[in-house]
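Take a look at the structures listed below.
The same chain A turns up in both complexes below, where it pairs with chain B and then with chain C.
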Partner chain A sequence: MTALPTRKLEAWHYTDLRPLAAISFAPPPAAMAAPDLPGLPFPRLVFLNGTLNAALSARLAYARPFLAPVAAEAEQQPLAQINAAETRDGINLDIPAGAQAGEILLVSQAAGPQPFAFHLRHRIRLGAGARLTLVELAEGEGVYWHNAVFDIALAEGARLQHFRLQRESGEAFHTATLRADARAGAAYEHFTLTLGARLSRTEIEANLLGPAATAHLNSAQLLDGAQHGDFTTAIRHKAPDCPSRQTVKSVLAGHAHGVFQGRIEVDRVAQKTDGYQMSQALLLSQGAEMDIKPELQIFADDVKCSHGATLGALDAEQLFYLRARGIPEAAARQMLIRAFLEEALEPVTHDASREWFEAALERWWRRR
Partner chain B sequence: MSTTTETAIQELADRKYKYGFTTDIPMEAFPRGLSADIVRLISAKKGEPDWLLAWRLKAYEAWLRMEEPHWARIQHPPIDYQSLYYYAAPAKPAPKSLDEVDPELLKTYEKLGIPLNERAALAGVAVDAVFDSVSVATTFRETLAKAGVIFCPISEAVREHPELVRAYLGSVVPAGDNYFAALNSAVFSDGSFVFVPKGVRCPMELSTYFRINARNTGQFEHTLIIAEEGASVSYLEGCTAPMRDENQLHAAVVELVALDEAKIKYSTVQNWYPGDAEGRGGIYNFVTKRGACRGRNSKISWTQVETGSAITWKYPSCILQGEGSVGEFYSVAVTNHHQQADTGTKMIHIGRNTTSTIVSKGISAGRSNNTYRGLVKILPGAAGARNFTQCDSLLIGNECGAHTVPYIESRNASAKVEHEATTSKIAEDQLFYCRSRGLSEEDAVGLIVNGFCREVLKELPMEFAVEAQKLLAVSLEGSVG
Partner chain C sequence: MLEIRNLHARIGETEILKGVDLVIPDGQVHAVMGPNGAGKSTLAYVLAGREGYEVTAGEALFNGQDILAMDPEDRAAAGIFLAFQYPVELPGVGNANFLRTALNAIRKKRGEEELDAVAFLKLARAAAKQLAIKEDFLKRNVNVGFSGGEKKRNEMLQMALLRPGLAILDETDSGLDIDALRIVAEGVNALRDGKFSALVITHYQRLLDHIVPDVVHVLANGRIVRSGPAALARELEASGYAGLEAA
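Our next item is the complex of A and B:
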């Protein structure tokens, strides 16, 4: 197996995979008993311990058989390389041009007596003008490593809304590498909510290949205890007139460690690029740590690119304002934190999904 | 754009680098190349004590084990460290007073706008003139001595004030800190030494003027500035070099130490030869600058205007250790033609209630690349720490690159860090506004650029601010259109 990346690599400076390397993972055990599935009213594709469960999954007209990737050596990132070598299953969606594919719920559940690893490989193709909302849930129990790769291709004018809820087991490792290519006028709208896993990293590479393609990559992570959450993005503007938006919010309690690395690359040809990125972190306790590395790499002159980053505690004045109006401290804090997260949730415009994410946030708050 | 403007711009672009002349005086140089023997020779030449030679040799050994860093966004052919001269100095023995300085050298500095004759000198600025590897003159020494301020070449300080040098040398930038610092520590030949004793406010601006003259030499100066409790000092440095087709290496180290309530302001106007329009020649400016705010409420402020050098690799930093200490970094970096700059700062917050401000303005034109790279690090003990960072980049022309790579690390919940960065070009409406009021395109760009840099330029001491504004205009000549 390809070696795991170490902190010596610039891209892994803030995320140490040694805890992952220290565990020897067995192949995934057979699926568990009938799981609890989320009540979202969408057609479902359910993976149990890394294998598609046909009985629990809908038969979709757009679904194609799993496609094994080409040679692992072709992969650039080490984790994608490992995935290419080890993968056994994943979705393969082919939405034809003009199709309105509605919503699909992608579920991954994992549980087993011993540490195990699975490497899902998903391929999603949208034809010209096609639309899809993909809502994703990753959860489980015990020690495992969920290492997913998404290959997404959006033809002219296609639009994919991709909303992900990561609430893996507190002992689990979650790594996801997403690549999205957007042709002219296509839109990739992404939101990841990170609540679970002992160590997680979501790495997104969005390539804007045609004029007026857009990428919206948002994330919120709420971490506690000794959790480590890493959200890493690269948006490559390779065509003119493309807007890109990123809002990343981190709420860190306990000794949690949050990471955000976001790079905006603008090629010579990508004139009239409009790139915006905002990352903000709230440190709720002494011992929490946040590392931010926003990066601009710009080779075109007629562009507007900006990034902002703020790190700090909850604003004492705002808290005081609410408390002075009779709101108990805990409720006031929750209210401010919820307001802090609002902007990140923006892409989630779909009503049912929105409520589902709100409920997940609520649950995180109650659990604390 | 009209043909007349184009011609005018072309003419401006072809105008020569103003400081590109050479001075023809007899020089003494050691053989090319670097070895332990060369290090010993330099040390012997300076009549150094054993501890300093041992320190140099340790640095040399560390350097041998190190690799040249490659993480910066700069490209250059490999440097052949064995083809350089590590020591070059005017052959005449060191002058005892200004009257004995070689008239040829005095003329050189006069041409550079730095008169060393005290009567003609800028009132209120004491100058230490460093020519290749040695200091050739230091003005206003008596006036400073009366106030108790020591301002002299570091080689002299080693002889006259060994206890001070020994106590502080390498305490901020250790000999093995990085590749270029290790190289510098092994072969440094001169640099300035400033000591401002307890409670003294330095009566005048101190300044060092660095001039590279000899061919194939590297310049390696080591500057050490110490401000004791309650002391304050403002220090300026300027740099120029002749125009040559080959690249020359400048690897300096600057260490600042501020004790309780002390203030050090360090300003740089860097105008090393940047190479020609095709990217031939120019200085490789690989510099390590670091200040330690050791005392309570101490303050270190870096201001730099970087217009010269083929390559700039430089990150003036502050270690904010003392409670309530303050670090500042104001920077304008201009690159044109084939210049490359990878510059920024590090603010390490260790003590409680430490604050830092970073304002960086990068301007890229021609086919140049300009990178801001910075680190703001809040350690767990830095309760109440505060940082504000602003990085703006301006692109002129579509063949250049502007890059921003900030690292922000916070490990204290009560710290507050804010960072913002923007990249844009000169707005057409601003240009149009100026043009319609009769300004030439060149002047309009100059005006807008000066406005863009204003927050930094206003931090410079007055004499330098004027100089810096002129320099900005010259550096950008030929970049519009």
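Our next item is the complex of A and C:
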């Protein structure tokens, strides 16, 4: 197996995979208990311990047989390299041009008696003008490593809304590498809510390859205890008139450690680029820590790129205002934290999905 | 009834309130006036339970309950409402959600049934109408992008919905034009029912033309130095506060 990246690599400076390296992972066991599936009313594709469960999954006209990857992976993405060598399953969706594919729910559930790893490889293609909303849930129990790769290709004018809820087991590791190519006028709209896993990293690379392609990469993470959550993005503007937006919100309690690394690259030809990046962290305790690394590489001369970062505690004035109106302290804190997250949830325009994320946040709050 | 006896409070090492005595019987409106730095806002904050103030002596009872030992939310449930001098902006918190959460939190603590969204909206719309507040107020984020007057109207809307037993208005008139001033006065006067009482903190007399107090107190250098009928406010307006500190 390819070696795991170490902190000597610049891209891994803030995320230490030694806890992952210290565990020897077995192949995934057969899924045992009947899973409790989310109530979202969408056609589902359900993976149990890394294998598609046909009985629990819808038969989709757009689904193709799993394609084992053949292309070798670049060394710069060691987790994708490992995935390429180890993968056994994943979705393969081909949405034809002009098709309105509605919503699909992608579920990964994992549980086993011993540590195990699985490496899902998903391939999603949207033809010109096609549309799809992909809602994803990753959850489980016990010690495991879920290492996913998504290869996404959006043809001219296609639009993919990709909403992810990561609430893996608190002992689990979750790493996801997402690569999205957007042709002219295509839109990749992404939101990940990170609540689970002992250590997680979501790494997204969006390539804007044609004029007016857009990428919206948002993330919210709520971490507690000794959780580590890393959101790393690279947006490559390779054509003119492309807007990109990133809003990243981190709520860190206990000794949680949040990371955001966001790189925006603007090619010489990518005039009229409009890039926006904002990272905000709310530290709820003394022991919480956040690392933020924005990077802008701009080779065009007529571009608008802004980035900002803030770090702070809950506002005492706001808290007092709510409490003075009779709202108990815990509820007041919850309201302010929810308000803090609001902007990150912006891409989730779909009502049922929005309610589902609200419920997940509620549940996170109750469990604390 | 609010009974404040020998109240001493400090911020850090600085003593601000140096033995305040003040009793507001049910149904009365009392005004507290005084120069800047006299401790007027401190008095309001200490009564509402804001952090950062240390009460070193004395007591404050509301309907016989020792409020100084209570959390701010419990004071609100007991019926104390602080109208802020500078209402706080809450980006990302919708006004309707805020008002309903507050109202239901208080109703729950009082052992009353919580209101569902429909019943709440009906109530809120009626209250807004009475205060000449536009309905889109309810859809906006709390105080975000509100003018000074709108913020104060929003305070009055909250007060109308929460129906406190005691309202403390902390220089609610500052920065208000005459129309907004009338709205605030109407908000307070509408609640005057023989039981509701109010502590109106103000630097100027003009608010008291619209909310006529039963008693006017002068707070100077951390103590009530003079008390009298409504006419005292006019007298002070003419003579100023000079010389009162020594009294």
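Criterion: the second predicted complex is superposed on the first by the 362 of 368 C-alpha atoms of A that agree within 3 Å, B and C clash if a C-alpha of one lies under 4 Å from a C-alpha of the other, contacts with A are read in each partner's own complex, and residues count from 1 in each chain.
In this text, a residue touches a chain if its C-beta (ideal position, glycine included) is under 8 Å from a C-beta of that chain, and two chains touch if they have at least 3 such contacts.
Nothing here was measured: the structure is a model prediction, and the numbers come from that model.
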Check: Is A:Pro27 touching the first partner chain B, the second partner chain C, both, or neither of them?
Finding: neither
Next item on the list: Have a look at where A:Gly312 lands relative to chain B and chain C in the superposition and call it first, second, both or neither.
Entry: first
Margin query: With both complexes superposed on chain A, which partner does A:Ala331 reach: first (chain B), second (chain C), both or neither?
Written below: second
Notebook entry, point to check: Any idea whether chain B or chain C touches more of chain A?
Noted result: B
Check: In the superposed arrangement, which partner chain does A:Tyr321 touch: chain B (first), chain C (second), both, or neither?
Finding: second
Margin query: Applying the document's definition of touch, where does A:Glu342 land relative to chain B and chain C: first, second, both, or neither?
Written below: second
Note to self: On the A-aligned overlay, A:Gly225 touches which partner chain: chain B = first, chain C = second, or both, or neither?
What the structure shows: neither
Margin query: Based on the A-chain superposition described above, do chain B and chain C contact any of the same residues on chain A, and if so which?
Written below: none
Note to self: With touch defined as at the start, can you tell me which chain C residues reach chain A in the complex?
What the structure shows: 48-51, 71-73, 75-77, 81-82, 84, 87-88, 90-93, 98, 101-103, 105-106, 109, 158, 162
Next item on the list: Write out the stretch or stretches of chain B touching chain A in their complex.
Entry: 71, 378, 380, 393, 395-425
Next item on the list: Would you pull the chain A residues touching chain C in the complex into a rising list?
Entry: 316-318, 320-329, 331-332, 335-336, 338-343
Notebook entry, point to check: Along chain A, where are the residues that touch chain B in the complex?
Noted result: 10, 268, 271, 281, 283-313
